[in-house]
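Chains here go by letter, A, B, C, D, E, F, G and H, matching the order in which they are written, and residues are numbered from 1 within each.
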Amino acid sequence: MRIEVNGEPREVAPGTTVRGLLETLGLGQTRVAVERNRQIVPRAEHPSVEVTEGDRLEIVHFVGGG
Amino acid sequence: MRIEVNGEPREVAPGTTVRGLLETLGLGQTRVAVERNRQIVPRAEHPSVEVTEGDRLEIVHFVGGG
Amino acid sequence: MRIEVNGEPREVAPGTTVRGLLETLGLGQTRVAVERNRQIVPRAEHPSVEVTEGDRLEIVHFVGGG
Amino acid sequence: MRIEVNGEPREVAPGTTVRGLLETLGLGQTRVAVERNRQIVPRAEHPSVEVTEGDRLEIVHFVGGG
Amino acid sequence: MERDVLKIGTHELASRLFVGTGKYRDMDETRAALEASGAEVVTVAVRRVDLSAKGGESLIGHLLERGYTVLPNTAGCYTAEDAVRTARLAREILDTELVKLEVLGDERTLFPDVPATLEAARTLVDEGFTVLPYTSDDPITARRLEEIGCAAVMPLAAPIGSGLGIRNPYNLEIILQNAGVPVIVDAGVGTASDAAEAMELGCDGVLMNTAIAGAQEPVLMASAMRKAVEAGREAFRAGRIAKRLYATASSPLEGVIGSERS
Amino acid sequence: MERDVLKIGTHELASRLFVGTGKYRDMDETRAALEASGAEVVTVAVRRVDLSAKGGESLIGHLLERGYTVLPNTAGCYTAEDAVRTARLAREILDTELVKLEVLGDERTLFPDVPATLEAARTLVDEGFTVLPYTSDDPITARRLEEIGCAAVMPLAAPIGSGLGIRNPYNLEIILQNAGVPVIVDAGVGTASDAAEAMELGCDGVLMNTAIAGAQEPVLMASAMRKAVEAGREAFRAGRIAKRLYATASSPLEGVIGSERS
Amino acid sequence: MERDVLKIGTHELASRLFVGTGKYRDMDETRAALEASGAEVVTVAVRRVDLSAKGGESLIGHLLERGYTVLPNTAGCYTAEDAVRTARLAREILDTELVKLEVLGDERTLFPDVPATLEAARTLVDEGFTVLPYTSDDPITARRLEEIGCAAVMPLAAPIGSGLGIRNPYNLEIILQNAGVPVIVDAGVGTASDAAEAMELGCDGVLMNTAIAGAQEPVLMASAMRKAVEAGREAFRAGRIAKRLYATASSPLEGVIGSERS
Amino acid sequence: MERDVLKIGTHELASRLFVGTGKYRDMDETRAALEASGAEVVTVAVRRVDLSAKGGESLIGHLLERGYTVLPNTAGCYTAEDAVRTARLAREILDTELVKLEVLGDERTLFPDVPATLEAARTLVDEGFTVLPYTSDDPITARRLEEIGCAAVMPLAAPIGSGLGIRNPYNLEIILQNAGVPVIVDAGVGTASDAAEAMELGCDGVLMNTAIAGAQEPVLMASAMRKAVEAGREAFRAGRIAKRLYATASSPLEGVIGSERS
């Protein structure tokens, strides 16, 4: 199943949750926020929300800035 | 017939035109612009346009300014 | 015997030493410097140097300043 | 006869006057001032004053300056 | 040397000093000051006719007779709507497309209301006005006004009538480097050197009123401003010397008398 | 208005701009720049005649023919003795009592040697010279020079040829408030607004050379400086408006359209 | 003396220096500089996770562990929409209502887009954010932002990273006199005296990043900035002496030796 | 980091703030302010003992007990002779070779008399004093004082007690670039940022009295000045960022959300 993460195409298994995706990406322990098709997915819903074909996700975190 | 000119009430005869009003006010020879109920009355129409009961007119000219 | 101290006339007994004068003035324990007729009298000589008729003395100390 | 003019050695005939020297140097018509051994030679005396062996002359004029 | 002309919209101007007509003691002083300033463009305000007043002498009559280019302003307007209304009335009075757009933010600073100024500028440009907007010294706003189609941008040097001079030459420099339309400093000039400085920065003109009308001798100050604007413009074109921390002699180093050196 | 004349010694001047004659490309440029500057007083340096050089065109001849007042300087002198010697030679060349006294402290800053300047000034005043001394912006030194009998004092605005402009207007202000002789800013002016600013402070004149001769277009800059000095002087006499942090409107507050206000 | 606390929204701060976390060589330098700065509030940016990169050391982990108050910014956003989106994401990451709002006008000046900043501020305030908006030094815009409900206003002193210092203290003064919320100078500070000057004007705080991170020795500069902000604040509270053109002696006039005077 | 020590003559100092002891309300305030300033060197004046007065509390006793390095001044002297006499008396009181040499030019400006200062400096150096001369900001005079053998030079920033701050940083810069002895700004500082600025220019120290004693809260201002001098020194050593007209982002340009850019 094709989705887009941070502007790049990715293959994920059907039924993958946001939480699952984050773990796959090695971001299980990282403080991030996730936008799915421009809607924020609250952390609490990461385990339940499944990504679907064509979803565009943004996964962001904090970096040094002024 | 009551109208308002530059914020003050005035009595004018029915059928008074803008042009006529200006002359009454001694502004026949002065460069002014006239707004009638927030719509500009083009100079060309001053002789034809009649003021009517309750009209609110603004008569403005140029003064020194920076 | 008349002398002048800090611009004011004073009577002192003949044979008065600089040291004696300072004590008389209540300056025995104070850090001061003494000029006698525009010549500094070193502290070591205060006990020995006698003031003489007409001497002009300056007794100065430190005060707050910038 | 050796003299020095503006720091450089020169040969001149004995009996040469300041005026004569200036003419020799092509400065007859130029507004200059002459110092002879650090003493100014007034213009009026140029024709009469003779330069002598070892004289040090300065011949100056105006140039552009701020 | 080719003529140094300032083009604003369709107008070609030889004088880069724009002057206001407010705050003078009387018409004679106004006349004399305008004359001494050498200005070609003069600003006027739009106000209600005072119906109780006797006619008196006409400012506008004098200006037209002398051939000044009249620049109506929207001074005193605090909303885009009032400014647009005022501009339209001005055009109706004089059949001029010129307008000095002012939409003010508050009465203490008389600084512009930036969003409202942008909004009014859009409307007036659409209606065919030649818009000269009074604005802050913010380079972003200046560029937006140019993009909207204003014929010039007129950043303030300091608050209107404050006489503080050019408070932030850095912003003006940025505006100038990025502007494709004339930049005219409007407001804040206090004395001649302020006007010269603005021109030396590369500004295309200076607009002032209080600095002249408020001086102890307005006519003499008008002459000073005329010369200052010309001086600053010429200095800008002449190419000033670079600044150095140390000195460079103006007289020759060679041929100095005094043995220790020559 | 009564004529605004500057008196220095016995000299009465209408122009308050004094210009140097150094560093120009050639005599034509010198001529044109002096002309454009409107200056009446021009400075020259005293140097050894170059005996190897062909006569060439005479600067001094031109200056006298045009009726300029020639002000010889002692530029390049680092001791009171050399300066005095140079002044005497200058007087011998031209029978003028005028001298611009410079005794320099070092070659990098070309700042004056204050004690040596005071010493040379004493000697030259005693010998009947009309002494215009180049000095630092130190008010004490300026007063001493006046007490000695100098006809004017000429504090620097910044190092000679630096173009930094008036680095310390506060010192100039103090000098001006305490001076009984003309105060002429000498050195440091870089562009027109600097000259105007000096005059607005109340200075009686400005002397410059590099700012004009070193500009990319010296003749145009000379014209700019003429206008700037006149502008600054007129602004000073006209009485500028006071500075305020807040604004004051230049258009009437009454009669604005827009109901919420009228 | 009572504690001098700065309140922003519900936050009480003892340090008035806000620092960024960008541009440091590495985490060690970041750590040491933040430590030396004494700052309690530090800004961070929101960016996409680089999926190709190894985890590396976590900035945010360090900040939280040390108890810093994290202030997410919307740097890099050029529209109100992007800024709002970024703020929401930041809140989701950290459950913080704090946001440093930046909506930029262009990439060369990084000056704010005033209308877009106002629009984004409205939205974020409505959504319950504690909004600290980066803005120009325009007093009108500052007041609008306060009216909208921003918890502070953060006018720039000069362009971000320019190090030019306070280009227009007059505008800051006007902003301060009319502000009912804390005024924090954001951007443009170059060195310690700039920070002290901002505090002496009465600003409630200073935010900087490049001035520290870009110094040759960031940690030493961080210490300098900490002291400068404290010094400026204390000087503001201590009430400086008035400025005078002339001198006033600091040593007694009486009792000086030297006959001519005593 | 190696210790940052200031050497003057044989004295090694950790604090670069020198403070006067004049104009305080009483001894308690003096004590507290000196304490808060962190200064090691404090200046005192030499005056006639008031024979009519009761002993009162001794300033000098306190200073010595606390281990301050006492720097006697010659304040109030208008001739080289009086200054030398005063210095000798000071040495006799305290067996110190230190002297802050002041020879004043007049009472309104309290500017130094340059030739008299040079003369007195020669004498005192010959007599073995460690001479710290108060001088104008003239680079030539500063160099002469160094050549004479002064242990430091102390140019004024502005008139004593004026609080105008550094009126001419250009001259200070030239002095600093050419000095081989410590340069300490003496007089004119008004607030913390002035002191920081002096140190950032590269000055080795700052001496002040009125700025602290004349503040509404002298003790708080003393603390401010301590921090300001440290801040300025650290900023100087840390190497500030260069000044740029345009901006440079402090947050990363990569990874911003918002499709139009990422």
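As a working rule, a residue touches a chain if its C-beta (ideal position, glycine included) is under 8 Å from a C-beta of that chain, and two chains touch if they have at least 3 such contacts.
Just so it is clear, the structure is predicted and the values come from calculations on it, not from any experiment.
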Pair joined by more contacting C-beta pairs (C-G or A-G): A-G
Farthest chain relative to chain B (centres taken as mean CA coordinates): C
Distance from chain C to chain A - Cα centre to Cα centre, in angstrom: 93
Centre-to-centre distance between chain H and chain C (centres being mean Cα positions), rounded to whole Å: 34
Chain F-chain H separation of Cα centroids, rounded to whole Å: 35
Numbers and ranges of chain B residues touching at least 2 other chains: 6-7, 35, 58, 60, 63-66
Chain G residues counted as touching two or more neighbouring chains: 20, 22-23, 45-48, 73, 75, 85, 89, 108-109, 111, 159-160, 164, 170, 174, 209-210, 213, 245-246, 249-252, 255, 257, 262
Which pairs of chains touch, using the document's own definition: A-G, A-H, B-E, B-F, C-G, C-H, D-E, D-F, E-F, E-G, E-H, F-G, F-H, G-H
Sites on chain H touched by chain A in the complex: 249-252, 255, 257, 262
Chain G contact footprint on chain A (complex, rising order): 5-8, 25-27, 30-35, 38, 40, 42-43, 58-66
Chain F partner contacts - residues on chain B that touch it in the complex: 6-7, 35, 58, 60, 63-66
Contact set on chain F toward chain G in their complex: 170, 173-174, 245-246
Chain H to chain G touching residues, read off their complex: 1, 20, 22-23, 45-48, 50, 73, 75-79, 81-82, 85-86, 89, 108-111, 159-164, 187, 190-197, 200, 209-211, 213-218, 220-221, 223-228, 230-235, 237-258, 260-262
